[in-house]
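In the two complexes that follow, subunit A is the common piece, with subunit B as its partner first and subunit C second.
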Partner chain A sequence: MTYTQEIQNKARELLGGGQVEVVIGYEVGPRGRTRPAFVYDPQDVERLVWNQACTHNLTTYLNDHLKPKHPEKKQGANSEARRVAVVVKACDSRAINVLLAENRFERQQLHVIGVACEGILEDAGQAGNERSAHQLVTNDPPQYQARCRHCNERTPLVYDTLIGKPESHLGTGPNPARPDAYQRLQTMTPAERAEFWLSQFDRCIRCYACRQACPMCDCPTCLYERDDSLWVGMGIGLNEKRAFHLGRAFHLAGRCVGCNECERVCPMDIPISLLNRRLAQEVEAAFGHRAGIAPVPAPFVTVLSNPGG
Partner chain B sequence: MKLTTHEELSSWLDSLAENLNLIAPRAVDGVPLYRPVQHSQEVLWDFTRPVLSVKEAFFPATERLLTIEKGNRQIRLIESLSEEPQVVFGVRPCDARGVKMLDALFTAAPGDPYYARRRANTTLVGLACREMGPTCFCTSMGGSPDDASNMDVMLYPIEEGYLVQAVTSKGQALLDNYALQSREHSTGQAEQKTAFVYEQAEKYPLPERSAWAAQFEDAYWDQVAERCLSCRICAYVCPTCRCFDVRDEALPEAMSNASPSGNGSSQFERIRCWDSCTGEAYRRIAGGHNPRAEKGQRLRNRFLCKFDYYPRQYALGSAACTGCGRCIDACPVNIDITEVMQHIAEVSQC
Partner chain C sequence: MYEPRIIGFLCTWCSYTGADTAGIARLKYPANLRAVRVPCSGRVSPELIMRTFDQGADGVLVLGCHIGECHYDTGNHRTAKRLPVLQALMTFAGLEPERLRLDWVSASEGERFARIVNEFTEAVRALGPCQWRQPANGRRHLDLRAASLETSLPERGGQP
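Then we have the complex of A and B:
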């Protein structure tokens, strides 16, 4: 049985038995592009697919789908808590641990369909015959995404159903054809790095796709989008963009699971993941903490509690 | 029509770059964008289209409208209008058509002097597309990959070089003043302007304008928006999206100089920035109410604005979409305007 069939069968069972209200998975649109899908009806499960273009981190939709529908009735209504199923890769599954640690929802609200992922291709999101703007310029053949080349997990860390066999994994390793930008960045002087990042941020158009795609970026009002320009102005200028990107990176330190969706969705090809990787490395070196390995909060997350309780 | 070679065109571009602000498609860290170029060698030739439309040249992502100087007893407002003549080279026909649609808003009375000044100071040199990209659908929207109608100068690539057409007197002046070398070309048929026969790209149904409002309550909007991330990519890459926000912000240098008593003079700037109806806060009003709190309501607005509101309000005579396909390429979750068009066409036929 293929991964796709297994996912469809599980979805049919969960929806048919009323165990979840929706299965969040992947489908292929008419143009041949893989995209998020929300399946409510067991009759629609055949829309669901698994392929090497399943790049999206679907946990970014969980907060919205698990919020109580009637917040005013929240008290003592645990039995009414919403339940959803979500298809995750190993990297995505770590986001679930972070979200659980931050009390966004309860573990029992989720049925996690974990996929033993064999790597996602760089041009995921494009159809087979389409090339990204970057590829049109460089003419590079499609490769595994950087996150997959560095991935050590392969099997989701959190799941209720596991699709695929962990030992079937491909070990891709770094791409020798393309020097690792991260390593290159580490050999630069601070001044060179600053210049590199400013030239990257310069292209940013503040479309906020990076923030919107991120499962961790869920503040009701983003610090960088306040109407009063308290911390950062509204301008799409270099100062504001630097503040946004560096600030966002700090807010993700110890929380970012490295799914790199921020980088994938960026229309201007800003290598945002390099910042996140750097901070993840710092946090691991200083605190021995890797985001999402277990449902424990990042070392920088302050928990307010009753002095008495 | 006149014929010019690639070398002659390049040296013309070099002389333009020497004397004017020349903007052309250029690879910025591998990302194709319309950007100032100093030399024709920087120009990117063979690719589908820049990631951002040419609207940046008239309606930049951020611009300062005014500098505001606050003294003891007076406030001084200093306008900042651009005066620099500029030439945009390599404009795609879909982009030029987008500029025409922006003109409807920005040059209609009372007019926007910032946009209008740049527009008047700009010459558009178009380049017919060699082929339609996988997501291009200009032919479905009433455009075509070799449409010269919104350009000042149009170039058609053929085997021997480029056929040159002066579309407006402004374009003719640019050709004359900077002496593009060319000669009469009579071998080809007058009608066969390019050597590239466009493969019949898929044509999408374009629903009647009235069909859109009729689907205002369609449950489809919530369905298609369920995967929407509420980012602003689609509006920012779009050649015809023109929403902006205006805000007064303190200038940092003035903030550090301002005296704590408030008696000293201080400086502010009034800036205008791109905005997008897909963003959550776009429609929020005083008191906190948001009439478009749901993603489906916001996405519906995006499409109804393109196909109904804006064309109707400004008598465009066509939908405010040029079929450039950028939003299809850039959307992180594959919300596809051609799928939406097909849906509306289907349901409005029942």
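Then we have the complex of A and C:
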């Protein structure tokens, strides 16, 4: 049985039994582009698919689908708790741990369909015809995404149903054809790094796509989109744009699980993941914390464990 | 002669009083420091520090109570965790790490306050004017070096 069939069977079972109100998964749209799908009806489960373009981090939609429909009506605990099922890859499942640690919802509200992912292709999220055109021109075999080449966790950390067999890890290592910008940036002088980042941030149009795609970016009103905020500006000057990107990265420190969706959705191709990667490295070095490995809060909301040292 | 502009965020319970103590003891410290009194060093959010640099500061000094002496118990724990990480992030974005310093000064440590301000001012003076601030509404012309880094398609992502 293929992954797609297994996911469909599980979704049919969950929806038919009334265990969940919606299954969040992937479908292929009319132009051949794999996109998120919300299946409410057991008859629609045929829409669900699994392929190597399932790049989206579907945990982004959990907060919206799990928060109480009528928060003003305080009823008995959990009597009205909504339940959803979500399809996750190993990397996405770490986001669930972060959200659980932040008490966004209860674990019981969630049925996690974990997929032992075999790697996502770099051109995922594009329309099917675009992809084939690209391959016609370049004749390249499709490449795995950078995150997949470094990945060695094929089994989701959180799941109720596991699809596929977790076998050897993907980890093909970095692409030798492309030098790693992260390492190169580290060896530059501060002035050169500033020049690099300013030329990147200059392109930002503040469309907030990075924020929308992020499962952790869930403030009701974003600090960077307030017109009455004293310390950050909504403007499109370079100072404000840099403050937005650095500030957003900082808010994700110790929380970002590195799904790189922010970077994939960026219409201006800003390498946001480099910032996230730097912070993840720093947080791991300073606090021994990796986001989403266990449902524990980020180190910035707790006290020093060893005040002397 | 170049005089650095330094903004100091001083916790009102310890460091701000420590600055007073330094004044009462007639200790000399550079006049480059503009002191901003904050209720706790934990109030100094990363946005505040970035804003300060955006507005043209050459250095930012954050002074709080020693760990364990916070008026709010754990306010300075937050600062102690945040600031080094912010420093790493801003360094990655092109700031010299020496321009941001976090230290602890208690109310009685006037001498320590003066010494820290002296040290920090000299360190920032040695670095020269800060290039962090960008002119408002000014679009940048691409530096060739940065442009080449871009066009060579850096491999991104792949967080370990």
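As a convention for this text, the second predicted complex is superposed on the first by the 280 of 309 C-alpha atoms of A that agree within 3 Å, B and C clash if a C-alpha of one lies under 4 Å from a C-alpha of the other, contacts with A are read in each partner's own complex, and residues count from 1 in each chain.
The rule is short, and it goes like this: a residue touches a chain if its C-beta (ideal position, glycine included) is under 8 Å from a C-beta of that chain, and two chains touch if they have at least 3 such contacts.
On a predicted model such as this, the values are computed, not experimentally measured, just so you know.
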Between subunit B and subunit C, more extensive residue contact with subunit A: C
Touching partner for A:253 - first (subunit B), second (subunit C), both, neither: second
Touching partner for A:278 - first (subunit B), second (subunit C), both, neither: second
Touching partner for A:109 - first (subunit B), second (subunit C), both, neither: neither
Which superposed partner A:199 touches (first subunit B, second subunit C, both, neither): both
Subunit B versus subunit C as contact partner of A:237, first or second or both or neither: both
Which of subunit B and subunit C A:63 touches, first, second, both or neither: neither
Subunit B versus subunit C as contact partner of A:213, first or second or both or neither: first
First (subunit B), second (subunit C), both or neither touched by A:51: neither
Common interface residues of subunit A - those touching subunit B in one complex and subunit C in the other: 199-200, 237, 239
Subunit C residues within the subunit A interface of the complex: 45-48, 50-51, 54, 67-68, 74, 77-78, 80-82, 84-86, 88-96, 131-134, 136-140, 142-143, 145-147, 149-150, 152-160
Complex interface listing, subunit A residues touching subunit C: 145-147, 149-150, 174-175, 178-182, 184-186, 190-200, 202, 223, 231-232, 237-240, 242-243, 246-247, 249-250, 253, 256, 258, 260, 263, 271, 273-283, 286-287, 299-300, 303-304, 307-308
Subunit A contact footprint on subunit B (complex, rising order): 27-33, 44, 47-48, 51-52, 61-62, 134-135, 226-227, 229-233, 236-237, 245, 247, 249, 252, 271, 273-274, 276, 279, 281, 328-330, 332-334, 336, 338-339
Of all residues in subunit A, those that touch subunit B in their complex: 29-31, 33-38, 56, 60-61, 125, 127, 129-130, 132-134, 136-138, 199-200, 203, 205-209, 211-213, 221, 225, 227, 229, 233-237, 239, 261, 264-265, 267-269
